[in-house]
Amino acid sequence: MNPFRDYLSAVWNILRKDLQVEWRGRQGVPVMLVFSLLVVFLFNFALQLSPDLQAGLAAGLLWVSLAFASTLGLNRSVSLEQENKAMDGMLMAPVDRSAIYFGKVLSNFSFTFLVGLVLLPVFSLFYQQNMFKPMLVLVMVLGLGAYTSLGTLLAALSIQTRTRDVLLPVLLYPLALPILIAAVESSRSILAGQPIADYQSWMTFLLAGNILFTAAGLMFFETILEE
Amino acid sequence: MSAQPSDTNRQIVVNDLVKKYHARSVLNHLFITMDKGALCILVGDNGVGKTTLLRILAGLVRPDSGEIAIGNSSSSREPQHRRMIGYLGHHSMLYQDLNAIENLTHYARLYQLTQAEKIVSESIQSVDLKNSQYQMVRTYSRGMQQRLSVARSLLHDPEVLLLDEPYTGLDKQGAQFLDMRLQSLHRQGKTIFLAAHRPHRLLSFASHVAWLKDGAIAEYSPVQDIPGHPDLAAYLQESA
Amino acid sequence: MTKKPKLLSLLDILCLILVPGALVLILFFTPIERVMGPVQKVFYFHVSAAWAGMLSFLIAAVAGGVYLSTRKQKWDWLSLSSIEVGLVFGLIAILSGMIWAQPIWNTWWVWDPRLTTTAIMELIYLAYFILRSSLNTPESRARLGAVYAIVSAATVPLTFFSIRLFRTIHPVVIAAGGSGESAFNMTPRMLLAFFVSLFVFTLLLIDLVWHRSRLARLQAVNRGEGV
Amino acid sequence: MSAQPSDTNRQIVVNDLVKKYHARSVLNHLFITMDKGALCILVGDNGVGKTTLLRILAGLVRPDSGEIAIGNSSSSREPQHRRMIGYLGHHSMLYQDLNAIENLTHYARLYQLTQAEKIVSESIQSVDLKNSQYQMVRTYSRGMQQRLSVARSLLHDPEVLLLDEPYTGLDKQGAQFLDMRLQSLHRQGKTIFLAAHRPHRLLSFASHVAWLKDGAIAEYSPVQDIPGHPDLAAYLQESA
Amino acid sequence: MNPFRDYLSAVWNILRKDLQVEWRGRQGVPVMLVFSLLVVFLFNFALQLSPDLQAGLAAGLLWVSLAFASTLGLNRSVSLEQENKAMDGMLMAPVDRSAIYFGKVLSNFSFTFLVGLVLLPVFSLFYQQNMFKPMLVLVMVLGLGAYTSLGTLLAALSIQTRTRDVLLPVLLYPLALPILIAAVESSRSILAGQPIADYQSWMTFLLAGNILFTAAGLMFFETILEE
């Protein structure tokens, strides 16, 4: 058989299993969605932001709520493998560890991206501006791609610990900060209608983040998982 | 499958294995060699390191030093190496939120089995879970989970079976199924390494017994030679 | 326990002489800056401490990489020690910055991106200790600690790079042509003292890390984990 | 203790018990009555409802209908009712991050035992975990966890013991300890209800056998009368 | 024996066990602490607030970061009981369910309150105003009391679900919103140096919240826990 096709099918099998579990009622996506909306409301309340100010904050809030929500998704995706040590079963299968990594990144990415896509029209409504711009969707793909590839790596790291259920955000948020900054900055420029040249460097930065973190995942996933 | 004997007929080789937890050696310079086709029972007290040994053989735990080889491959990094092994541990390795079919299908795909559907359905039939095959594993009783775990570990027809107390929680009929299945696998020439606390039922068809004590294999004997090992015989006797 | 190496004793003595020496140099040799006055002298130790902190995080990452390829405990001890010492230097940088900020900006702290990211960097490495202490075996502490040290060392410069693009009130002197609001030009004497203190802090860093990793080995031997 | 027999000598009474999961009755109008001092083995196939029955008796699961009584109290809301019961289930109910002493001490305090320290230390001694008493339960092997669970369930010297496959994972010496302990408790007049799949070792000292089948007790017989129940005898025979 | 003393000792036993577990290295408090600091830094960053605005936000951020951090603590406290079903053991003991509830509330409260106490001086430094005021500590006691008594109740509810590991924040944040608002409002008034009369009603509200949620916990805890 074609080894490349084998590899892809292994990735797809892992992704498919996660989709199946989600479909069977793990409720990951709905919980993430509700949570991200909650974060938005909570912040508007707790920080007592004035309406005109809020518009400028839309990009920041969008990414903060996405970052928070996707941590829930990552935790979920990890605890799924941890119950009954299902991860051990996957590790013993004749599947490349990097395929496991890619499969998990893809599943985490798709759930989070779905949440992001739903958030866009909601934000458009709340902040009275059309946020459904192709460029913004692209930023979302790049930003969430980098975020989830780093997040999956760190989630695999944190499930090995005794503090498993709470460690992930502590590890992830600060390390993901450059990604979040770049994503917020490009989103802000896009929403302000600036030309691409103004935020191109941020987008390149996001792309580099994707490459860097995926490389790190490929390099370290095996090391992290060996007991 | 790549389980062709190389120059020798050895299927499991463990050489000078050491595993420590916090400076306490659980496995302390352990040696054991098993020929292809052996059905070896691993006995030993609670906490002596049986599970640790099997998990190291399965590639799930990294030893502190020493070598292991399964077939003629010694690296659990190679997919072909892992394909040879079937492992049943203390945890079921099943997804709680999937049903029996989905769980086994997932594993069948990971092992790239052809005719996955047929194999899965036969496998579920064989452990008598047909009636609850659409039920989430979360709602299974302990014995039902154990049955499904047995099915999972045998699914890809591995050359080497590592079973950690496989009879746990099985009822009469489940235990009988496992007896028969083990005998037939033994006849097919698979190598089976099985930890058990009450190995009485197995002695009639096992080929060897290994006694793990103080971090090493204290006795390793063919079943028919047990009377020649009075300590081992005594240990097995009372525990029957 | 191995005997204390000669080189280490030499380093000890050097540090004992050079650290006060650098202080004397700064206090009596350098001119008083025109605008800021004597408080500008904080500059030498402030920047040196920040530099030493970042250097030791880099050392930790390299040591982590070597650990992963050799699996020799001593590299883990080195990595751990560098991070611990780096945290202290980072803290010195922040505290000296605050001492400087009080007269210049008339406040101990402003929510400036540079200041914030420095604080976040400290948190990143604080999390390293949480990660380690929630792992059960020395082997997993070393292995996962190494992965984390490498991944975080990769993101820290990213953070620093990304905030260079922001408007900040924190001065930039070293960067070519950079001039923040309160930047100043260095006289040759200032430059000399600056490089001397950089050198001295680097020596001090090496000395402390060395001592600390010998201590780490002692602790491991004491717990019965050492080689 | 309040376990004084009321008018009768009955210690466990289950009356018309029904428990459904998703409209499927697992326990279907089940009746059973056990006298004080009985040692009854509960047998039955995987997934038939043994665990469910024991958990209902322990007050951990609420039945859909029917009544249960332990001693002369029928409400598990009363602390005195709960104090009478010792339950050992499929899960260890131990805190992973505490060691053996701390775990048992916690339970001793919850049960307001006087001389907790002494009781705990004796209890750990009795299951032979003295050497690992300062180790976190997380690092225990399966058998060691089971030993500690046994110790936990017996700690407060309960009048009624509900044990769900207590021999799981125990080695020879652990199983012998449990045999002896059960016999001595039986002699002291405690009531013991014990689910087991391979009850062979128990038949020599148990007083009754109950066979759970299709949601109800199909056969309930004193051990010496088993030959008079050919189906039950056959079921027990082969499963030995 | 005195039933009231028995009751108190049961509560204390449960609290003591949680303290013991924390002490044995569950790392709950350090994780919460680092996380709450992270939230503060990240928000200042992501929202890019102007310095003068930020000062007014101190109260809001204090409570948002406390709320987030204490969710971690609540999750931890729940998963502790869920591993190996230790909760079943407690339910079978001759202990009143309300004592279990109080014990868990007290342990959650003490961990969160500890974090809050550490945050106060940190915030004082970062926001250039003394926040170590007795009234603010009192608000913290009342606010966190209400928050954790509601949180413990909802945590007990969410562990029964399949979504256990992520449901809690979704349930808790919206229900706790009035508490948070009252806490933020009173803190803001206290920091602005207003007289008690100005925020007395908010404090009364917090007190009422404590009574209400504790009553709800006492009423429903048993119902929630029975399977």
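Think of it as A, B, C, D and E in the order they're written, each chain with its own count starting at 1.
Everything that follows uses one rule, which is that a residue touches a chain if its C-beta (ideal position, glycine included) is under 8 Å from a C-beta of that chain, and two chains touch if they have at least 3 such contacts.
All of these numbers come straight from a predicted model, not from anything done at the bench.
Going by C-alpha centroids, which chain is farthest from subunit D? Tell me that one.
C
If I average the CA coordinates per chain, which chain comes out farthest from subunit E?
Looking at centroid distances, B is the chain farthest away.
Give, as an integer number of Å, the spacing between the C-alpha centres of subunit E and subunit D.
The answer is 38 Å.
If you average the CA atoms of subunit C and of subunit D, how far apart do the two points sit, in angstrom?
Centres of subunit C and subunit D (C-alpha means) sit 60 Å apart.
Centroid from C-alpha atoms only, then distance subunit C to subunit E, rounded to Å. What do you get?
Inter-chain centre distance comes to 36 Å.
Need the CA-centroid distance for the pair subunit A / subunit D, whole Å please.
47
For subunit B, write out the residues touching at least two other chains, lowest number first.
Expected reply: 21, 62, 97.
Where does subunit A touch two or more other chains at once, residue-wise?
Subunit A, residues with two or more chain partners: 25-26, 162-163, 167, 170, 174, 177, 181, 226-227.
Which residue numbers or ranges of subunit C touch two or more of the other chains?
Residues 117, 120, 123, 127, 130, 134, 136 of subunit C each touch two or more of the other chains.
Taking the complex as given, what residues does subunit E use to touch subunit D?
1, 6, 9-10, 13-14, 16-17, 20-21, 24-26, 80, 83-86, 88-96, 222, 226-227
Please output the residues of subunit E touching subunit A within their complex, sorted ascending.
Answer in residue numbers: 25-28, 31-32, 34-35, 38, 42-43, 45-48, 53, 57, 60-61, 63-64, 72, 75-76, 79, 162-163, 165-167, 169-170, 173-174, 177, 180-181, 184.
If you look only at subunit B, which of its residues touch subunit C in the complex?
21-23, 62, 64
Please give the residue numbers of subunit B that touch subunit D in the complex, ascending.
Residues of subunit B touching subunit D: 21, 44-47, 51, 90, 132, 139-144, 146-147, 165, 168-176, 197-198, 235, 238-239.
Would you pull the subunit D residues touching subunit E in the complex into a rising list?
Residues in contact with subunit E: 55, 58-62, 77, 79-80, 82-83, 85, 87, 89, 91-98, 102, 106-107, 109-112, 136, 152.
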